[in-house]
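Scrolling down, you'll hit the structures one after another.
Shared between the two complexes below is chain A, which has chain B as its partner in the first and chain C in the second.
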Partner chain A sequence: MLKYLFEKEENIPQGSAAVFFGVSAIAWFIIGTGLGSFNAAKLAFPDWFHGLYALQFGHMRQVHVHAVIFGWIAMAFAASMMYITPALGNTKLWSEKLGVWNCLLYNLGLCLALALLWSGVTSGREYSDHVWPIDLYIAFIMVLPWCLNVWMTIINRRTQGIYTSNWFFAACMFMTVIVFLVGNLPEFFHLTGLNEAYMTWWFAHNILGLLITPVAAAITYYIVPKITGNPLYSHRVGHLHFWSIVVFYSTPAAHHLMSSPLPEWLKSFASVEGVLILVPAIAYVCNILLTMQGKWRMFVENVEIKFTITGVLLAIPLNMQGGFQQTRAINWYIHGTGWIVAHAHLALLGFSTFAEAAAVYYGMQVLLRRKLYSLSLANFHFWTLLIGFSLYWISMTIAGLIQGAAKIYEVPYVDVVIAEHPYMIVRWLGGTMVFLGNIVWLWNMYMTARAGDEVPVGRQPAELAYGR
Partner chain B sequence: MAWTFSRPLFSMATEDQNKAAQHVWEHESLGGIAENNNPLPRPVIGLLILTFFTAVAITFPLYGQRPSAAIYADYVSLADSAEVQKIMNDTSLSPDVAGERAMALIESSLAKFDSPYEFQRTQHPISMNQLKVIAPAIIELQQKGVDLEEYTVIGHTVDKANFEGAMKEVNGEMVPERKQPWWDKGYRIAVWWFVLFCAAVIITVKRLPHFTWRPDHTIAH
Partner chain C sequence: MAFREYKIGCYMFGFALSFSMFVTIFLPGVDISSVSSTELALDKQLTYGHESGFAYEDPFLQGHGKPVKVVLSKDPATGASIDKTTAYVFPAGTPFPSGLTHTKILGEDVKLLSESLGKIDQASEEAGAVFLVQTNDKDVPYVENATATRGWNSDAVLKAADETIMAGAGKTMFVREGCWWCHTLLPEQTQDWQSFGRPPLLGDFNGESPTTFGSDRKAPDLLHVGARNSSKEWMTLHFFNPRLVQPHSIMPRYDYLWGEKDASGNTIDLAKWDEEYMAYTHGESIYPPEVPEYSADSEARYLIDFILNLK
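Then we have the complex of A and B:
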């Protein structure tokens, strides 16, 4: 990477920025899930490790969350956008050099941000935990150059039309900048009370709803037609998906604060819009699954499709939960319990991660012009991720229901801790499986770069048989 | 950008625009990807309509909405009546039994008169113990002469928790421009939001060639 920092633009190979972002993303995924495994172990076995202040759960939780969101998820998005956006515009990335610098400064910024969180320098607001200098660094050094590359590539495209994925990429990056700057206003201007709570959850909700889930969906809009060779089922359903995301997903936030003294009308409005996220969800899932018509054998045979479609299928329970868990009746029961933790992991480790893993698998093969080194290792990665995630999700959902019941019936806290213990162990096992699978993934991608079969010019990796 | 409204549910684009769109659609390869022009399957449209009604129905807070302080004003007045006080002060009854009987008497008295709060009262029954807790706050607000419908009972407190912020000056006093009816806690805005969304998406989609047109992908791919 370093040798390209001061190279002329024309001397930097196309796809460099995407490859660097992709490798960084996998590395951060390993770090993030490793931290998650460590945290889960502390919850399962509280006496297992203590003594070092910086490694206490209160510090480590935030580091895990931000390593995964900003390290794995966001960097995998950056990698995907930096090869998909130009590909869809029949052009090249606006500036590989900017992309390479972006990747370097992104990694450095993230290291700094996590180090500060680790040492206890935090805003104290969940999901917007960073202090304001880091917020500004993230907005203007990490995200804005990325936006610029995506927007300028779309502006300089060689096609008249803009494919669905690129609408999402461009719009989501725009909305993310707005969400990030507005959502962190409590940090910039020391807003307190309800304003602080509302802004904090507007930020947290919309980082998920206007960045993570729609960009993951946009990736699948590219991967499925590209690999199956089928046309996207419907351009017009893509419109429905896109605009319903913008309209319905941007308005909730109060539904995270149903028991707060916010005006009831705001909570009701947010709650109705919360259920209406099923509109984009239904449109999206239909569009992708109908695109698969006649190519379902690839769900078994092709690694990228296997990951992508699993992610799309996980979007169904994700949106069913998301749509209804914020209504007054259900929220009353599950608010503040492990159910929410399970739901967050369904979004990030389920739907989003499977889609992104597919994009990174596919992108690395295309950009390196190498066929995947080992199908067996990729399948191992898939199953450790799926089984590990499922163990996590199911155990935490059950734990959440136990906590909910205990909350309503005022069961003593220590009894709840005892009742949850087996589920905490399963959670740790699941998270650790994901972590171990990711190490295998990194090895597989490293070997792909070194020893994968070369993909001839004019051919797609998916057209070649797996070697191992 | 020309528009045609002769057949708005068929197409809002002119014939020339549709032909130009079809030409681009068929002659352009977006990174090797093609797109079809299918409509949503009809069962899915039904599902979406069902989703909207579910969204409103399931979030309509029949059981979750906090009560307005106004619905308890008559309870507070009747609690001071001689008949109710007689029951409350009856030392032969336990406090719980006395409270239950006193509340039964209040409710039977209220049932004799028409009230705009009848439905809300059935949704938010109150015990004598709860009434005792909120009564001082309600009396204080009555003495101030404020509109109790603007105040909400939240646990043991009575607060102005649901309101619309726009105020106007009347006789030197600032009063709310509009008061929310009890049944509309954000539903009208939700319905309008949905209607405007549908209108916007219909306009967007009807600017595309009609869904009966199937693009030929062999031209560009």
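Then we have the complex of A and C:
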């Protein structure tokens, strides 16, 4: 890959940037879930690895979160955009060279950012933990070149209209840059007090809601019609999804701080807007599931569809939780408990990871023109991910309900810690399964590049039978 | 080919996003910024200083450039006895908190009083200053610049202090060590009164950064922990190894905050301590090893001062 850094644009094979991002994403997925599993072990057995002060929970937690969000999730998005955007515009990527540089600087920047967090250099603000020089690096060197590539490819398209996925890609990248710069204003200008607290969660909410959820959805808008051969069920419902995301998803930030002393009108407003998130959610899930009409056998037979549709099905409980857990009636019970951690993993490890894994599986086959090396290994990966995730989600949800009950009846805290212990162990086992499954995935992808059957010109990988 | 430009869509998008930011950033910002500081907010600002996260004065979060909170029982200028007084010492060069550099943050009344009675506009970072928190007869709190009003300079105050509390540097440790991933600093409004105490008010945060509310609670809320447990001995054992006092705790050990030497200058051997501790947990010895006393300039001291100061 690095040999393309100083090549002329026309000598760089199409798809190089996407492959580079894709491979990096899988590598960060392994690193990130490995760290997650280590943290989970520390929460279950705090004296495990007691000598290794470098791996303190209080430092490693944010390293895990940023490794999976900026490493896995965001890089898988970049990989997907770099091959889906040109494909939908019937053109090539605006600049492969920029893409390759982008990916290199992305990886380097992320290493630096995580190293700083690891050594405790932090702004002390959840999700915007990075110190402001790193924030600027992320915005201008990691994200802006990526935006440019997406926007310019869409502008230079050779189709009349723009397909649903591409609206989302273009708009979400724009919103991400804005959210990043506005959300970090407290650090740039040293805003303090409740303004700082509120902006922290404004950032956290919007980076998740305006980048991760809609881009994951946009990817499935491409993968499902492409592989099944069915056209998207409804372009109009796609519109409804898009506009309701922009309007309803960008407003309920204060629902993360329902029990804090923010102005009451703001909390009530956020609570109502939060329920309205069900509009894009329902529009989206219906649109995709109806697109599957007549092709449901592919849910079993085709790996990418299996991953994508599982992700979409996981979006149903996700949005039901998301819509209602921020109402005052429910929030007081579950706020600040393991329930929220379970919800965060349902969104990121459930819905979004499954959608992106499908996009990376598919993209690698298309770009390398090789059929997937092994269906069995892919199925193994699927089941470790699904079972591991389910164990995580169920155990943390139960732990959260215990914490909620204990909170309301004001049980001495150490009794809660004791009661949660078995669930902490289950979470650790589940997370470790995910981690191990990912190593198998990397191996499968490596073998695909090496020994997968070649896809003949003019054919799609999905049309070929699996070899193993 | 004439391409569609999606003009209307782009305008609609721009409008929707701007309107959303107007409602969710501008309006709350105006509302929140109009709130006056409470006495607690003044105390916190003067205790924690300019910034507890990453900052120029302290890029590696070691607790540099933070004020010192002291308790006095005699006037440092005259030597006369006075009632127990809490003062906040900013030695020369210590950055001031935002409330003193951008006085609007204090709120209208508090700002007026702090300037007219408190003379805070005469304080200078280069020269250092000593502040007090006062209230007037209508219970409006304000900041008094004791360097200007009483001629107290920072060195004299530090020398005359009965007790010095390094809670400002301690909050930096709290941020750096990620205590807030497990503990919250925000008793919830709907419950928590009994076990964790009074939830904070709207004006309790002016000028504090970061607020580190914490979002998922795996451990007791700490906002008022010093009020329910003020034992330095317990804290020392608990931070060195929480399982010495609470066998079921999942809290990490913070023994490395003790640094290289203990209070009497002996080298601390964590590996050896751990070995003896493991022998104790396996039932091979009856008593756990002795916990070293932390030295006065160790990070453990900062942290414990911060925790005990959370009243």
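Keep in mind that, in the parts below, the second predicted complex is superposed on the first by the 467 of 468 C-alpha atoms of A that agree within 3 Å, B and C clash if a C-alpha of one lies under 4 Å from a C-alpha of the other, contacts with A are read in each partner's own complex, and residues count from 1 in each chain.
Just so we're on the same page, a residue touches a chain if its C-beta (ideal position, glycine included) is under 8 Å from a C-beta of that chain, and two chains touch if they have at least 3 such contacts.
Please read these numbers as outputs of a predicted model, since none were measured by experiment.
Enquirer: Could you classify chain B and chain C on chain A, in the superposed arrangement, as clash or fit?
Expert: After superposition on chain A, chain B vs chain C: fit, no clash.
Enquirer: Once the structures are superposed on A, label A:L377 by its partner contacts, choosing first (chain B), second (chain C), both or neither.
Expert: It touches nothing on chain B or chain C.
Enquirer: Looking at A:V150, would you say it contacts chain B, chain C, both, or neither? Reply first, second, both or neither.
Expert: The answer is neither, since A:V150 touches no partner chain.
Enquirer: In this superposition, which partner touches a larger number of chain A residues, chain B or chain C?
Expert: C
Enquirer: Check the residue A:P261 against both partner chains and state whether it touches chain B (first), chain C (second), both, or neither.
Expert: In the superposition, A:P261 contacts both chain B and chain C.
Enquirer: With both complexes overlaid on chain A, does A:T251 touch chain B (first), chain C (second), both or neither?
Expert: both
Enquirer: Based on the superposed arrangement, let me know which partner A:I418 touches: chain B (first), chain C (second), both, or neither?
Expert: So A:I418 only meets chain C here.
Enquirer: Determine, under the contact definition given at the top, whether A:W243 touches first (chain B), second (chain C), both, or neither.
Expert: both
Enquirer: Quick check on the superposed pair: does A:Y233 touch chain B, chain C, both, or neither? Answer first, second, both or neither.
Expert: A:Y233: touches chain B, not chain C.
Enquirer: Under the stated touch criterion, which partner chain does A:V19 make contact with: chain B (first), chain C (second), both, or neither?
Expert: It touches nothing on chain B or chain C.
Enquirer: Tell me which partner A:G161 touches in the superposition: chain B (first), chain C (second), both or neither.
Expert: So A:G161 meets both chain B and chain C here.
Enquirer: In the superposition described above, what is the shortest C-alpha distance between chain B and chain C in Å? Please give a whole number.
Expert: Minimum C-alpha separation, chain B to chain C, in the superposed model is 5 Å.
Enquirer: Which chain A residues lie in the overlap of the chain B contact set and the chain C contact set?
Expert: On chain A, the residues that contact chain B in one structure and chain C in the other are 160-162, 243, 247, 251, 261, 263, 265-266, 269, 332.
Enquirer: With touch defined as at the start, can you tell me which chain A residues reach chain C in the complex?
Expert: It is residues 42-44, 46-47, 50-51, 53, 56-59, 61-62, 119-126, 131-132, 157, 160-162, 167, 171, 175, 178, 182, 186-187, 190-200, 202, 243, 246-247, 250-251, 253-254, 256-257, 259-263, 265-266, 269, 332, 335-338, 340-341, 403, 407-408, 410, 412-414, 417-418, 420-421, 424 of chain A that touch chain C.
Enquirer: Under the touch definition given earlier, write down the residues of chain C that touch chain A in their complex.
Expert: Counting only chain C, the residues touching chain A are 1, 3-4, 6, 9, 12-13, 16-17, 20-21, 23-25, 28-29, 31-33, 35, 41, 50-54, 59-61, 97-99, 105, 175-182, 184, 186, 188-192, 194-195, 199-202, 204-220, 242-243, 246, 248-253, 256, 270-271, 274, 281.
Enquirer: Could you please specify the touching residues of chain B with respect to chain A in the complex?
Expert: 24-25, 28-41, 44, 47-48, 51-52, 54-56, 58-61, 63-66, 152, 154, 159, 161-164, 180, 184-187, 189-190, 193-194, 197, 200-201, 204-205, 208, 211, 215, 217
Enquirer: So in the complex, the part of chain A that touches chain B is made up of which residues?
Expert: 84, 87-90, 159-164, 222, 225-226, 231-240, 243-244, 247-248, 251, 261, 263-276, 278-279, 282-283, 286, 290, 324, 327-329, 332
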